[in-house]
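The same subunit A turns up in both complexes below, where it pairs with subunit B and then with subunit C.
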Partner chain A sequence: MSFDCSEHLSYKVLHLTGEIDLSNSSKVRRCLLDILNNERSVIVDFSELKYIDSSGMATLVEGLNIANKKGLSLTIAAANGAPLQVLELTRLNQVFKIVDSVSEIRE
Partner chain B sequence: MKTQNLLSKKWTSCPDELSDIRQNMKAICRQVEFSEEETNAIVLAIDEACTNIIRYAYKDCRDGIVHIDVSTDGHQVIFRLYDFAKHVSEDCLKIKTSSPLKPGGLGVMLMREVMDSVEFIHTKKCKGNILEMKKNLPKETE
Partner chain C sequence: MPENSNQSSDTEVLDASVLIEVSHLSSSYGERQVLKDINLSVNQGEILVIMGGSGSGKSTLLRNMLGLMKPSSGEILFEGMNICHATRTELLKLRRSMGVAFQGGALLSSLSVGDNIKLPLRQHTDLDENTISIMARLKLELMSLANFEDLMPSELSGGMLKRAGLARAVIMDPKILFFDEPSAGLDPVTSVELDQLILQLRTAMSMTIVVVTHELESAFAIADRIAVLFDGELVITGTVDEIRACKDERVSNLINRTPREVQVDAEKYLSRLTKGAD
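Up next is the complex of A and B:
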């Protein structure tokens, strides 16, 4: 698993690559919380994400709760394959704002 | 049909092993011809069960053993996950919350959503826990 960040308009974009599970979800959590602590809304880019388990999803839920409290947003972009299935199985697809691509997000 | 063993393998209770466990489960699911979608879901359910063993049975201690047996009777695939930690309560398999925004319980919810049955098999003969999960095989199309 690897991740990096870029900018899109006023948003920070967190690009996730590979597989997220118990062995590495804490690294994603630290990065996500850093972004939110800097008062930035975030787009989490799933386009290169192959797998995510409940520890990864719990990290995103925690991030969403923090974003909501701060008046920020957390959006998931380009979910596909197994990660999209996880969103559907947990019904978190009804909780997160999900868009087809990062470029779809406008100010 | 006689029960056919598909896999019997041990891993340590280290989170780094989860990737290899997933690869093994994916290979079995393809062998018995689950669809790609069912395969993804079953791999996820087994991963969640192993994560719970690591976190709650072994309490993040990395030198425990996770033993997985997979077999089929021709109607179902039976996944048995053995650990050798202290007995855990049956309550671990209860879904804790109905709100996805509250922490905890997502893994158990996923296991129950994906599998046709999920239960502990209690035995006084051996130390540890046996979690049995069953998934019906895809029906053959005519």
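Up next is the complex of A and C:
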């Protein structure tokens, strides 16, 4: 697993790569909470994400809750394959705003 | 082609897709041999159903695969590691990648449903409590048990206990889930819903699932392959179609729900019945 950040308009983009599981979701959590604590809306880019377990999903749910409370947004982009199925299985696809790609997000 | 129990398995060169390889496994309770020379593999990502009547040895096979019982002979490799000779520490580590849903749910009666489900995460991870709580609630939602988090196990019905047990079994997103008699004691609708849930878990969570059951409809609905046990012997392992087409009387009797005809030795039977009589 690796993750890095980039900018898109006023958003911070968190790119997740590989597999997010119990062994590394805490690192993603720290990064996500840092972004939100800096009052930035975030796009989580799933395009290179192969697998995400429920600790990863829980991290995103926590992030969304914080974003909502702060009047920010957390959007998932380019969900596909197994991560998309996890979103559907947990019905979180109805909770998160999901877009096809980062570039789809406009101000 | 279906495999039969006489096929030997090559444990030296383990196929990358094989998660568990059971080779020449025999197991006994004291003098009574319960499993006889079982050869069986569990492939990555598949749903393998172990079927058989009562006393056929399926629960014993499950206990052996979990490392809860030492076989009298043979070996079980989990990702290449022989669990029959594993140390306690190795077994504990291994079990973190296994989820087990027992028949009755096996929840701790002194803890709420939520705390039961969170227990493995609190014991085995250093995840933040917020993450743990959301993970538990996600699993409760998945099992249609939202809002039951604060109840005690004694306040749940049998079907709910089973689903709560499943929630705890999958809370760590295990590599492999063992499910003992998922449908037992459930109404038909709940049973079908549980079957669908098992299929979804496999697809979305990339889980390998081993189900022990004697429920035909459930087995046929979820299985990629079925292994049929009879009196401790593995009669056949095959796809649903192969099992349906199997001509072996022991398999067709199971499928057609034909009662077993018990053959008795008349002299010994009479002797047993009249033991101690004048």
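By our rule, the second predicted complex is superposed on the first by the 107 of 107 C-alpha atoms of A that agree within 3 Å, B and C clash if a C-alpha of one lies under 4 Å from a C-alpha of the other, contacts with A are read in each partner's own complex, and residues count from 1 in each chain.
Convention: a contact is a pair of C-beta atoms (placed from the backbone, for glycine too) under 8 Å apart; a residue touches a chain by one contact, two chains touch by 3 or more.
If you're wondering where the values come from, they're calculated on a predicted model, not measured in any experiment.
Participant: Quick check on the superposition: with subunit A as the shared anchor, is it clash or fit for subunit B versus subunit C?
Facilitator: Taken together on subunit A, subunit C would clash with subunit B, as the superposition shows.
Participant: Touch check for A:Leu22: first (subunit B), second (subunit C), both, or neither?
Facilitator: After superposition on chain A, A:Leu22 lies in contact with both partners, subunit B and subunit C.
Participant: With the two structures laid over each other on chain A, which partner does A:Gly81 touch: subunit B (first), subunit C (second), both, or neither?
Facilitator: first
Participant: For A:Asn37, using the defined touch cut-off, is the partner it touches subunit B, subunit C, both, or neither? Pick first, second, both or neither.
Facilitator: neither
Participant: Can A:Tyr51 be said to touch subunit B (first), subunit C (second), both, or neither?
Facilitator: Touch status of A:Tyr51: both partners.
Participant: Quick one: is A:Val95 in contact with subunit B, with subunit C, with both, or with neither? Answer first, second, both or neither.
Facilitator: The first partner, subunit B, only.
Participant: Is A:Thr59 in contact with subunit B, with subunit C, with both, or with neither (first, second, both, neither)?
Facilitator: In the superposition, A:Thr59 contacts subunit C only.
Participant: Identify the partner contact of A:Ser2: answer first if only subunit B is touched, second if only subunit C is, both if each is, neither if none is.
Facilitator: In the superposition, A:Ser2 touches no partner, neither subunit B nor subunit C.
Participant: Common interface residues of subunit A with subunit B and subunit C?
Facilitator: 21-22, 51, 53-55, 57-58, 61-62, 82, 85-86, 89-92
Participant: Over in the complex, which subunit C residues touch subunit A? Could you list them?
Facilitator: 125-128, 130-132, 134-135, 138-139, 141-142, 171-173, 200-201, 203-206
Participant: Going by the contact rule set out above, which residues of subunit A touch subunit C in the complex?
Facilitator: Contact set of subunit A toward subunit C: 21-22, 25-26, 29, 51, 53-55, 57-59, 61-62, 82, 85-86, 88-92.
Participant: Which stretch or stretches of subunit B touch subunit A in the complex?
Facilitator: 15-16, 18-19, 22, 37, 40-41, 43-44, 47-48, 51, 54-55, 100-101, 103, 106-107, 109-110, 113-114
Participant: Name, in rising order, each residue of subunit A that touches subunit B in their complex.
Facilitator: Counting only subunit A, the residues touching subunit B are 19, 21-23, 51, 53-55, 57-58, 61-62, 64-65, 81-82, 85-86, 89-92, 94-95.
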